[in-house]
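Look at the two complexes coming up: chain A is in both, with chain B in one and chain C in the other.
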Partner chain A sequence: MEKPEKKKFMNVARPGSLQLTAEDVRTATKEEKEQLFIMRETLTYWKDAYRRFLKNKIAVAALITIVLVALFAFVGPMLSPYTYDQQIRENRYSPPSWEHPFGTDVHGRDMLVRCMVGAQISLSIGVCCAVLVVVIGVIYGAISGYCGGKVDYVMMRYLEVLYTIPDVLVIILLQISLKEPLGKIFAGTLGSSMISIFVAFALLYWVNMARMVRGQVLLVKEMEYVSAARAMGAKGSRIIFRHLIPNSIGVILVTAMFQIPMAIFIEAFLSYIGLGVSAPLASLGSLSSGAIGSFRSYPHLLLFPAMLISLIILAFNLLGDGLRDALDPRLRSE
Partner chain B sequence: MSLLTVSNLKKYFPVQGNMWNRKQVKAVDGIDLTIERGETLGLVGESGCGKSTVGRVILHLHEPTDGEIVYDGINVTSSSIKNLRNRMQIVFQDPYSSLNPRMTVGDVVGEPLDIQNTCQTRAERDERVLEQLLLVGLNTDHLTRYPHEFSGGQRQRISIARALAVKPEFIVCDEPVSALDVSIQAQVINTLIELQDRLSLTYLFIAHNLAVVRHISDRIGVMYLGKLVEVCEAKDLYLHPCHPYTQALLSAIPLPDPKAAKGSNRILLQGDVPSPIDPPSGCRFRTRCQKMKPVCAEEEPVLKEVAPGHICACHFCE
Partner chain C sequence: MISFTIKRFFGAVLTLFIVCTLTFFLMNIVPGGPFLSEKTSQQTLDRMNEKYGLDLPIHEQYINYMNRLLHGDLGISYKRQGFTVNEIIAEKFPVSAKLGIIAVIWSIFSGVILGTAAAMNRNKLLDRAIMFISTIGISVPGFILGTLLIYLFAEMLGWVSATDALGSPKQYILPVITLSMQSMSYIARLIRSTILDVIDSDFIKTAKAKGVSRIRIIYKHIMRNALIPLVTYVGPMTAFIITGGFYVERIFNIPGLGDYFVRSVETRDYPLIMGLTIFLALLVIVVNFIVDILYRVVDPRIKLQ
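After this line comes the complex of A and B, so read on.
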C-alpha cells in the first residue's frame, strides 16, 4: 500500500512549485488504493519451469536439435526428389555430392532420403514406446504407492521379477513368435520387429517408470492435502488423478524423456544385429549394419546414420537432463 | 445431548517387529470425551501425546483400533462416515502441505463441493466458493491464484474456507496456528472465533500452546502419553490445576513480568516422555511425577470428578 506522502508528489499539479492545495494532500479513495495494490503476476508451476528451462542453454540447444531432426525426418522425404526405395542403377556407391548429399548405397538409393526415413522410424519408436511406458508405468506405480501395505508389497515383488527378465531375449522371442500372426495384419506397413519392440516395452520397460512414480506417490500421499481430500470424502481414483499424479508430473516427464533414447537405442541395436525392420524400409540401425561390410571403401554409408543416431540419443538425454532440472529441481544431480 | 461422544477410543499403530513379535505405538489409549454443540474443546499436551491422532480418528482418517465415536446420535463407522463428511471437517497444522500446489485457490475451496455434489450448476458452485473466500477475508482476485503465492496466514484462511465450504457443524482444528508467527496467530484465531459465532460451529481445538488454547476454548482437556489426564472449564484449569502434569505445564508458561517470574516456582519435570510403545504401568505420568507413591505403579488412576465439571485422573486429587 502506498504511503500518503508519496501520493502527494505524484499528484502535484504544478511541478516545481512548493505550494500545496487541498487536492494534493487528500487521502486516497478506495479505488485509488486498489489500483496501487498490485499483486505479483501469477506464476504457475509451468511458467516457472519454462523460465528455468530457458536459462539452460544446453537443454534449449537439445530441444532445437530434436525439432530440426524431426523436421528432417518427417518433412524431408516430401521435399526430396527421390524415394527411399528408388534405385538409380548408374549411381551406385556414389560419394556425397550435390545431387546426393549423403551419397548412394549399393543399389544406388539416395542415402539422404533413407536416413530421413530411418530417423522417422527411430523417432516414432522412441515416442510410441515412451507413451506406452508412461501410461502403464504411471497407473501401476500410482496404484501401488497409493494402496500401500500388502498390495504394494505384491505389486513391487512382481515388478522385481519382471526386472530380472533379459529384455533382448524377450524381444527376440516375441519377434519370432509374432512374425506370423502380425505379418498378416500389418503387412507392408510396420515390420513385426517394430510391433515386438512395442510389445516388449509395454511388457518390460515400464518397470523403472512405475518405481519412480511409486516413490513420488509415497511422498505426496503423506501431504496434508491428501488427508484433507479424504476428509472431504474423496474416492481413491480422485485422489490419484487430482492430487497424486499432478504432483508427480515432473518425475513422470523426466523419466519418459530418458525412455525415448533408450527405445531408439534398442531399435538400432536390434536392427544392427539383423532383427530390425525389413528391407526395403530402413531404420538408422539397419542402415548402419548394412554399411559395415563396405566400411573401408565407402565410410560415408556408415558415417551419416551413425551420426544421426548419436545426435538423436544425445539430444534426448540432454533434453531430459534439462527438463529434470527445470521440473524437479530437487532431483538435480550435482 | 452432546454433539460428539467418544468413549474408550484407542488407536495403535504397528511399528517394526515381525510376525511373532509385533510392536505397537499406543498413540491413543482409551480416551473418553464429550463435546457439546457450539462449544470449543481445547486439547493440549506435548508433542507425541496423541492429540492429533484423536482428531484424525474422530474423522476416520485413521481407523480406530477400539472404542466408539457417536456423532449426533449416529455411531461413526467406516460406512456411516460417508454421510457425515459434510458435517465434520478438519483444518490442518501445516499451511504449506495442506493445499495442493497444482490447484488454484478456487479449485481448492471448490473441491469439497465437487466431491459432495453440493451444487447443481457451475455458477452456483463458483458463487459458493467466492462466498467462502469472502467469509475468511480473501477476495475475488485470489480465486485463480496458486497456493504458493500466499503467506502462511492466508493459506490457513484458505484451509478454513475449504473446511467451511460444505457448511459443516463440527470442525477439528489440528494445531491450526502452530506453524504461524504470533501476530498472524491472533488473526487466524479471531477469524475462527468470529466464524464460530456467525455459523454456530463446534470446535475441537488441538494445540500445544496453552495461551492460544485459553483464548479460544470453553473447556480444556490435557493429554499425556495417549491418555486424558484432566478436563475442566478453561478458567478453572488456570486457577485450580489439579493434575501434577497440568501444574507443571502451566508453570512452564513464561511470565511477561520478570519480577513475577522470579518469584514463581517453576516445576521442572525430570526425564523424557516414556515410549508409547511400552508405557509405564499404573499411572503413566509416575516416572516424572513429584508426588509419586508406590500406589501409582500398581493402580491406574481413573478420571473422577474433583469439582463440578472438573475431572482429573490422579490418586492424590481431592
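After this line comes the complex of A and C, so read on.
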C-alpha cells in the first residue's frame, strides 16, 4: 500500500512529466476505489431534514415537550389513584398538596387526573382535526393542481368562497344545531361538540392545506420524472399518489402541524362560550374556562389547565416552525 | 381592474348567500323548534308558530326569510320581547366597533414596529425577546390572558378598575391589549419574516451602496414590500377581532355585541343567533372584499398579469 501511493505522489509532484510508469496504469485497489466514491455520505432529503431538525434546539425541546405531555395525558390517568369523575366530598377546593398535586375542584375531584384527561381530549381533538384536514386538503389540492385548466379554475373559485366564510361563526352554528342530533347518534362515546368541531374542520379548514398542496403539485408536475412516468403510460391517479403527493409531504406535514394548535385553540374558545365538551368530560379549555369564575378564591383551578394548554399550543407552534425550517430550506428565516 | 372588481363582488354576494342559506337550514335542524323550552299550551304554541310563519312548509319559510333579509330585516328576538335584531345591533354594535377598531389599529401599529425592530436586530437579544413574546401571544388563549391581566392590573396593582367598563380612556387599555395580542403577535412575525426576505435583495444592496440613509431604506424600500402581505392579513384579523370580542367583552364587562351574542347562544335565542351571525358574516365578507381590491392597488406587480 505504501509504495504505490508514494509513487503516485511523485507523479503529481511533477505534473508536466510525460513519462509513464507501470504504476500509472495499474488498476485501483479496493481502498482507493472506496476513497473515490465515498467522499461524503450521500444525504437524502429526509436525512438532510433530520439533521437540520436536530440542530434546532428549540424544535427538539418542543418535540420532547409534546412527547412528555402525550405520556402525561395518555399514560398518566392509568397511574393515578383517582378517576376524572371521582368525587371526594370531604376534599372540596383543596389547594395543591402531596395527595392532590394540582388540588381538587368544586366537587372534590382530583385536578391532576382531570388535567390529564383534559389534555388527552385536547390533544385528540387537535390530531383528529389535523388528520381530517390532511386527507381532504391533500386530495382536493392534488386533483386541482394536477388537472389544471378549467377544473383547477372552478376548484380554486370554490376555495375562495370557502375562505371568506367566517369559520368560527359557522362552528358556533354547527355546534348549536348539531348538538342534539349528534348527541343521540354518538351517545356515550364522544361528545357531540367534538364531532361538530370535526365537521367544521372537514368543511372549512382544509382550504389552506389544499392551496399549499396545489402550489407544490404545480411545481412538481412539470419535472422530468413526471413526464417520464406519463410517457410510460402511468395513470393520473398513480402519478398523483406515487409522485405528486410524496413530493409534497414536507409542505403537508408543516401545514398539518399548525392545524393542531389551531384546533385546540378553537376548542378552548368554544368551551369559554359554553359550547365545548360536556360534563363530566373535560378538555383543557373547559377546565380553564370553568375556573375563571372562581379564579380569585381558587387560582390553582385555572392556573394548571391554563398553563398546560398554553404549553401544548406553544410546543406545537414551535415544532411547526422547526419542521418548516428543516423540511423547506427555501423558507428558512436565517 | 373593473372586471376584477365585478367578479369579486359576485364572489362576495355568493359567499353571503351561502352563509345565509347555511344559517337558515342549520337553525332548522335544531329539534323541537325555538319555543320548546317555554312551558306553554299547545294552543299558544300554534299561535306563536303562526305569528312567526313557522307553520309554513320549509321552502316557503326559506323564501320568506331570504326575502326579509334582502330588505335588511334580520328578524326578531324571541327572548328579548319586542326587540328586532336590527335594533339590538344598532344599540350594541357601536360599543364593539369602537373597541374593535382601536384593537385593529393597535395590532397593526405595534405589530409593524415590533416586527421591524426584530428584523433589524436579527438574532440579537431584542429579536429573541420580541419573538418570544409574540410566540407566547399566539399560544395563550385570549380568555386566559384577559383574566390574568385583570387579576394583575386591576386587583393586585389597582391601576384600573375591573368593574367600570370603558368609562374612561384608561379603561380601554386592558381590553385592547387582550383583543389585539394574537393579531399583534402574528403581524410582528409576518413583518419580521418578510423584511428578512427583502433585506438581502439586490435593490437594498444598491440603495446601501448609493449611501441612502438607514431610515430611508427602511421606510422607502423595505416597508413598501413588507406591508404587502400585511394587507392580506387584514381579512382574517377582522374575523379574529370579532370572535375575540365574544370573550373580551364578557371578561371586561363591556356591553357590546360580542357579549350579547354569547348570551344569545346560552339562552338559545335562535333568531337572534341567526341575525347576528349573518350580520357579523356580512362584516367579514365586506372587509375581505375591500382587502382583495386594495391588494391589487397596493401591489403593482399583480396588475401586470
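The definition used in the following text is that the second predicted complex is superposed on the first by the 290 of 334 C-alpha atoms of A that agree within 3 Å, B and C clash if a C-alpha of one lies under 4 Å from a C-alpha of the other, contacts with A are read in each partner's own complex, and residues count from 1 in each chain.
As a working rule, a residue touches a chain if its C-beta (ideal position, glycine included) is under 8 Å from a C-beta of that chain, and two chains touch if they have at least 3 such contacts.
These figures come from a predicted structure and were not determined experimentally.
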Joint occupancy of chain A by chain B and chain C, clash or fit: fit
Using the touch definition from the top, say if A:Ala229 reaches chain B (first), chain C (second), both or neither. first
Is chain A touched at more residues by chain B or by chain C? C
Could you say whether A:Phe265 touches chain B, chain C, both of them, or neither, answering first, second, both or neither? second
Is A:Leu275 touching the first partner chain B, the second partner chain C, both, or neither of them? second
Using the superposition on chain A described above, determine whether A:Gly126 touches chain B (first), chain C (second), both, or neither. neither
Looking at the overlay, what does A:Val161 touch: chain B (first), chain C (second), both, or neither? second
Identify the partner contact of A:Ser177: answer first if only chain B is touched, second if only chain C is, both if each is, neither if none is. second
State whether A:Leu169 touches chain B only (first), chain C only (second), both chains, or neither. second
Using only CA atoms and the superposition described at the top, report the least gap between chain B and chain C in Å. 8
Please write out, lowest number first, the residues of chain A touched by both chain B and chain C across the two complexes. none
For the chain C and chain A complex, residues of the former touching the latter: 11-12, 14-15, 18-19, 22-23, 26-27, 29-31, 122-123, 135-136, 138-144, 147, 151, 155, 192-193, 196, 235, 239, 242-243, 246-247, 251, 262, 265-266, 268, 270, 273, 277, 280-281, 284-285, 288-289
In their complex, what parts of chain B are in touch with chain A? 56, 59, 61, 82, 85-86, 88-90, 92-94, 97-103, 108, 111-112, 115-116, 141, 144-146, 149, 159, 162, 166
Sites on chain A touched by chain C in the complex: 157, 160-161, 164-170, 172-174, 176-178, 180-181, 261, 265, 268-269, 272-275, 285, 288-289, 292, 295-296, 299, 302, 306, 309-311, 313-314, 317-318, 333-334
Residue ranges of chain A in contact with chain B within the complex: 39-40, 42-45, 223-225, 227-234, 238, 242-243, 246-247, 249
